[in-house]
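As written, the chains take the letters A, B and C, and residue 1 is the first residue of each chain.
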Amino acid sequence: MCRQTKEKCAHNAGAVYCGLIYAFLFLPIVVIVINSFNATNTKPYLTWKGFTLDWYGKLFQNSALLDSFQNTLFIAVTSTLLSTFIGTLAAVGMYKYKFRGKNIIDGLLYIPVVIPEIVLGISLLTLFTNTNIPRGLLSLVLAHTTFCIPFVIFNIRARLDGYDKSIEEASMDLGANRLTTFLRITLPVLAPGIGGGALLAFTLSIDDVIVSYFTNGLTMTFPLKVMESIKSGVSPDVNALSTLILLATMVIVILTQSNLLKNLRKVLKRQS
Amino acid sequence: MKKKQVVSILLTFVLMVGGLTACGSSNSNTASKGSLNIYVWTEYVPDSVIQNFENETGIKVNVSTYSTNEDMLAKVKSEKSGTFDIVQPSDYMVEQMIGQGMLQKLDQSAMTNKKNIGSAFLNRSYDPNNQYSMPYLGGVAAIAVNTSKIKDNITSYADLFNSKYKNTMVALDDYRAVIGMAARSMEMSMNETNDAKLAKIKAQTLKLKDNIKVYDSDSPKSELISGDCTLGYCWNAEIALAMQENPAIKIVYPKEGAYEFLDNWCITKGAKNAANANKFINYMMKVETAKAVSEEYPYLQPNKAAVALLGEKYKNNKAENIPEDVIRNGEFLKNLDTATLAKYNAIWTELKK
Amino acid sequence: MIKQRFRSNAGPALVMIGPVVLWLAFFVAIPLIYVLVMSFCGIDKNYNVIFRFTMGNYRRMFDIDYVEIYGQSILIAFFSTVICLVLGYPFSFLIARTFRSKKTILYMMVIIPFWTNSLIRLYGWRTFLGTNGLLNKLLLTLHITSEPVQFLFNRSATILGMAYVLFPFMVLPLYTAIEKLDQAQLEASADLGAHFRSTFLHIMLPQTASGIFSGCIMVFIPCLGYFFVSDILGGGNADVIGNLIQRQFQSGNNWPLGAALSIILIVITLLLVKLYQKCGGDMQSLGV
C-alpha cells in the first residue's frame, strides 16, 4: 500500500477531507460566479447561453439593486457603530460595578442571541406598528443594533476575563479622571475584543434576512432584493454584484492577514 | 494590530459605498417631480413600462412586489397608512379593501384614457362606477402539461388528482387558488361555506399533497422551463411564457370552468403621492403602455384599443388570447368570513406540512 | 496633593449601563411581553387584533397537523445538527491542530463564504441540483444515471440547505474548544499506548464537550425558524415552525396565532437551553 509512514497517510487523508469540505462550502459560490458570465437574456436565466462580461456593465445601470446594496452597507455601518458604542460601555460597566438585576440584564442579553430570529423579527414588527416608528432605514438600524449589541458585549467580556483592575487604579492615583482612564487605559486593552465584536456585528448585519424581512417597510436591503430576485429568476447582474463583493472580501482578508503589508512597511521604513 | 484591521476594513467598505453611490446616482434620473411607491404582483408590471413613466414624467417609482392578495393585505395593514401609494388587488380584494376603508376614490378627471378600456371590464359589482379601481389585467389559472413527458390527454382539474402524477406538479402558492381548484374539480363553488361540502373539499385537496412538487405563485414558468415540473396549475400568461421557451408545453383550460380573476389599480387611503398615483394609473391605460404590457405578460387585456394592435400571433395563441367560452365559464373568488377562512387556512396548513 | 477619589459609583454605572438597559427594555422585553399578551387575543372580521382573552390560539397549537409540523421541524433541525457535527468535528480538529501552521488562513476560508449572501448561495445549490442542473447533467453524461435525479424540493434538500448555511456556527465553537486542548495530554495518552479511539473518547470528547454543545445549540435552534431555506430548496414542501409563523403574519392575516406559535417556539428554545446548561454547557461560549 503506501510506503509512507502511517502518520503521513493520515496527514494526506486529512488534507483530502479538508479539501472536500472546502469544496462543499465553495461549490455554490463557484456556480454563482460562473453564472455571472451567462449570456442569457430571458427569465428565468437558467440555461447557459454563452460567455459574456455584459452583466458587469448592466449591474451599474440597475439602480434598484445598487440602492439596496447601499442601504445594506449604511445599515451595517450604523448598527455596528451604535451597537459597539452601547455594548462597550455596557460590558465594561457590568464588569466593574456590582448591582442588583445584573442577572436580569444577562438574561435579556441572551435572548436575541439564542431565540430564533423570526421571533425577534415579529416582536419588533409589532413594536414598530404600535409605536408608529416609521418603517424603513430607521427601523432597520434599530432592529439590527438590537441583535448586534449582545454579540459585542460577549466578545468584550471574553477579553475582560484576565483584566487587571489595578492599572486603572494606578492611573487614577496618578491624577487622571475616570474618562481619561477609560479612554487611555481601558479601551486600548479591550481593543481586540471590541474589534472582534464589531466585525461580528457587521457580518451579522449585512447578511440578515429574517429580521429585515419583517421590519423593512419599503426599504430594500441587498439580502431582501436577492430574495425578491429568487422569486422571479435571479438575473446575472445579481450574480455579478455577489462576485464583486466576494472579491472585495477576499482582498481585504488577504491584505490584513498576509505578510504583504508587513513587508511593504519594512521596505518603506528602510527607504526613509 | 486588530484595531488597525478593523479600521482598514471599515474604511474599505466606506470607500465601496462612496464608489457605488457615485456610479448609481450618475445613472438614475435626478427626479425632482416627486416619487411614487407602488406595490404590485411579481412578474406583472414590465420594468420597461415603469422606466418609460419615469422618463416621461420625472417621477421616481419605487416598486415592491407581492405574491398573493392576502400577502398584500397583510403588509398594507401592518405599515402606516399611505406607505404604499398604489396597490393591485384582485376583484374580491377590492371589495374587501373598500369595506375596510383602505382605499381612496380615484380622481376621475385624471382618467382620460379610460375610454380605451372595454365596457365589459368596467362597472363590476365589486366597485360600481369604478370609483376606487381601474382594471389592469385579467386571466385564469389553467393547467400546463409538458407533452414530451406526459402523454395522457388532460382536460380538467380533476385529472390533476391522479396519483400517477406523483411529484410532478407546480402549483400556485395561494390557498384560495388551490383549495378553490379542488372545489371546482368536484364541480363545487370556490367560495363554499357549507361544512359538509368543506369536508369533501378538504379530502380532495389533501390528495394533491403527493402530486405537488413545488409551490410557486411568482414564477411557475421557471419550474416548467427547467424541467423540474412536468405538470402545472398556474396563471395563463406564465404558461404562455413557458410555451415560448419550450414548445412541448401545452395549455389546457379545465372543462369544469377555471378560477378567473381581474386585477385592478387602486390608490390607498392616506397615500402621500395621490396626484402622481392618478397620473400613473392613467398612464397605464394608454394604448402603447397596454400593448407593451401584453407583449411581456400576455394576460387578458381589458384595453380593447391595445388588443387591436396585438396582431395575428396573439389572436391565434390560445394561451394568450383566452377563448370566449373559458371566460364565460370561469368563476371569480368572493370574500368569505374570518371563521370560514380559518377553516380554509387549516386545510392549507395540513396540505403543506 | 492627593486628588479626591469619587466614593459613589452610581453616576458612572448609570452612564455605562443605562443605554443598554433602556435598549433591551424597549426593544426586547416590551415587544416580547406584547407578543405574549397578543397570543391570548383574537381577530375581528377585518383581521384587526381584539383584546379579549381567549385560549383559542393555544388550543389550535395542539391540533394534530400542527404537532406534526413541530415534529418535522425538530427532525429537520436534528439531522442538520448531526450532519454539521459529524462533518464539522474532524474538520475543526484538522484545521486547529493538524494543520495549525496555516490555521489562520484555513479559518478565514471558512468565514469567507459566510460573507457572501446566504440566499444567493442557496440559490446556487438550487441551480446546481435542479433537474437540468450541472449535477444531473454530469451524472447523465457519465451514464451513472439514466434519468435526472430529483434532488430538490423535498425534506432532504431542506436539511442539506440548513446544514450548509449553519455549518460555520458549528465550526466556530468547535475550533475554539479544540484549540484549547492540551497537546501534552494527547501526546502522553499516545505514548502510554492508548488506541486513538480511547484517546478520543476519554480525553478529546470530554474536554471539547462545551464546544460540541455550544455548536449544536447554535445550529439546532435557528433551524426551527429558517423559513427561507425550506422555501428555496424545499419548494414549500418541508414546512418548519418558522414557515407557520411567517404565514400568520402574511396570507394568514392572523397575528395572535402567529404570536402564540412564537411563544411555543420560545418555550422549546428555553427548554433546549436549560438542557444545555444541565449538561454542563457554558452560556459564555454561546455568543463568541
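Here, a residue touches a chain if its C-beta (ideal position, glycine included) is under 8 Å from a C-beta of that chain, and two chains touch if they have at least 3 such contacts.
Not measured: the values here are computed from a predicted model.
Engineer: Spelling it out: a chain qualifies if it touches chain A and also touches chain B; which chains qualify?
Structural biologist: Under the touch definition, chain A and chain B have C as mutual neighbours.
Engineer: Per the definition of touch at the top, where is the C-beta contact count highest among chain pairs?
Structural biologist: A-C
Engineer: Round to the nearest whole Å and give the separation of the Cα centres of chain B and chain C.
Structural biologist: Taking the mean C-alpha position of each chain, the two centres sit 34 Å apart.
Engineer: Could you work out how far the Cα centre of chain A sits from that of chain C, in whole Å?
Structural biologist: 17
Engineer: What positions in chain C touch 2 or more of the other chains?
Structural biologist: Answer for chain C, listing residues that touch two or more other chains: 130, 132, 249.
Engineer: Among the residues of chain B, pick out those that touch two or more other chains and give their numbers.
Structural biologist: 78, 226
Engineer: For chain A, give me the residues that contact two or more of the other chains.
Structural biologist: 46, 125
Engineer: Going by the contact rule set out above, which residues of chain B touch chain C in the complex?
Structural biologist: It comes out as residues 68, 70-71, 73-75, 77-78, 99-100, 167, 173-175, 212-216, 226-228, 337-338, 342, 345-346, 349-350, 352-353.
Engineer: Considering only the defined contacts, which chain B positions touch chain A in the complex?
Structural biologist: Where chain B meets chain A, its residues are 2-3, 5-6, 8-10, 12-14, 16-17, 20-21, 23-24, 27-28, 37, 42-43, 62-65, 67, 78-80, 83-84, 218-219, 221-222, 225-226, 241, 245.
Engineer: Can you list the chain C residues touching chain A in their complex?
Structural biologist: Touch residues, chain C against chain A: 3, 5-6, 9, 12-13, 15-17, 19-21, 23-32, 34-35, 38, 87, 90-91, 94-95, 98-99, 104-106, 108-125, 127-128, 130, 132, 134, 164, 167, 217, 221-222, 224-228, 232, 242, 245-246, 249, 255, 258-259, 262, 265-266, 269, 273, 283-284, 286-288.
Engineer: Taking the complex as given, what residues does chain A use to touch chain B?
Structural biologist: Residue positions touching the partner: 42-44, 46, 60-61, 63-64, 66-67, 69-70, 73-74, 76-77, 80, 125, 129, 132, 134-135, 191-192, 194-196, 198-199, 202, 217-218, 220, 228, 231-233, 248, 252, 255-256.
Engineer: Under the stated contact criterion, what part of chain A meets chain C in this complex?
Structural biologist: Touch residues, chain A against chain C: 11, 14-15, 17-18, 21-22, 24-32, 35, 46-47, 86-87, 89-90, 92-94, 96-97, 99, 105, 108-120, 122-127, 130, 142-143, 145-146, 149-151, 153-155, 157-158, 172, 175, 178, 203, 206-207, 209-210, 214, 222-223, 226-227, 230, 234, 238-239, 242, 245-246, 249-250, 253, 257.
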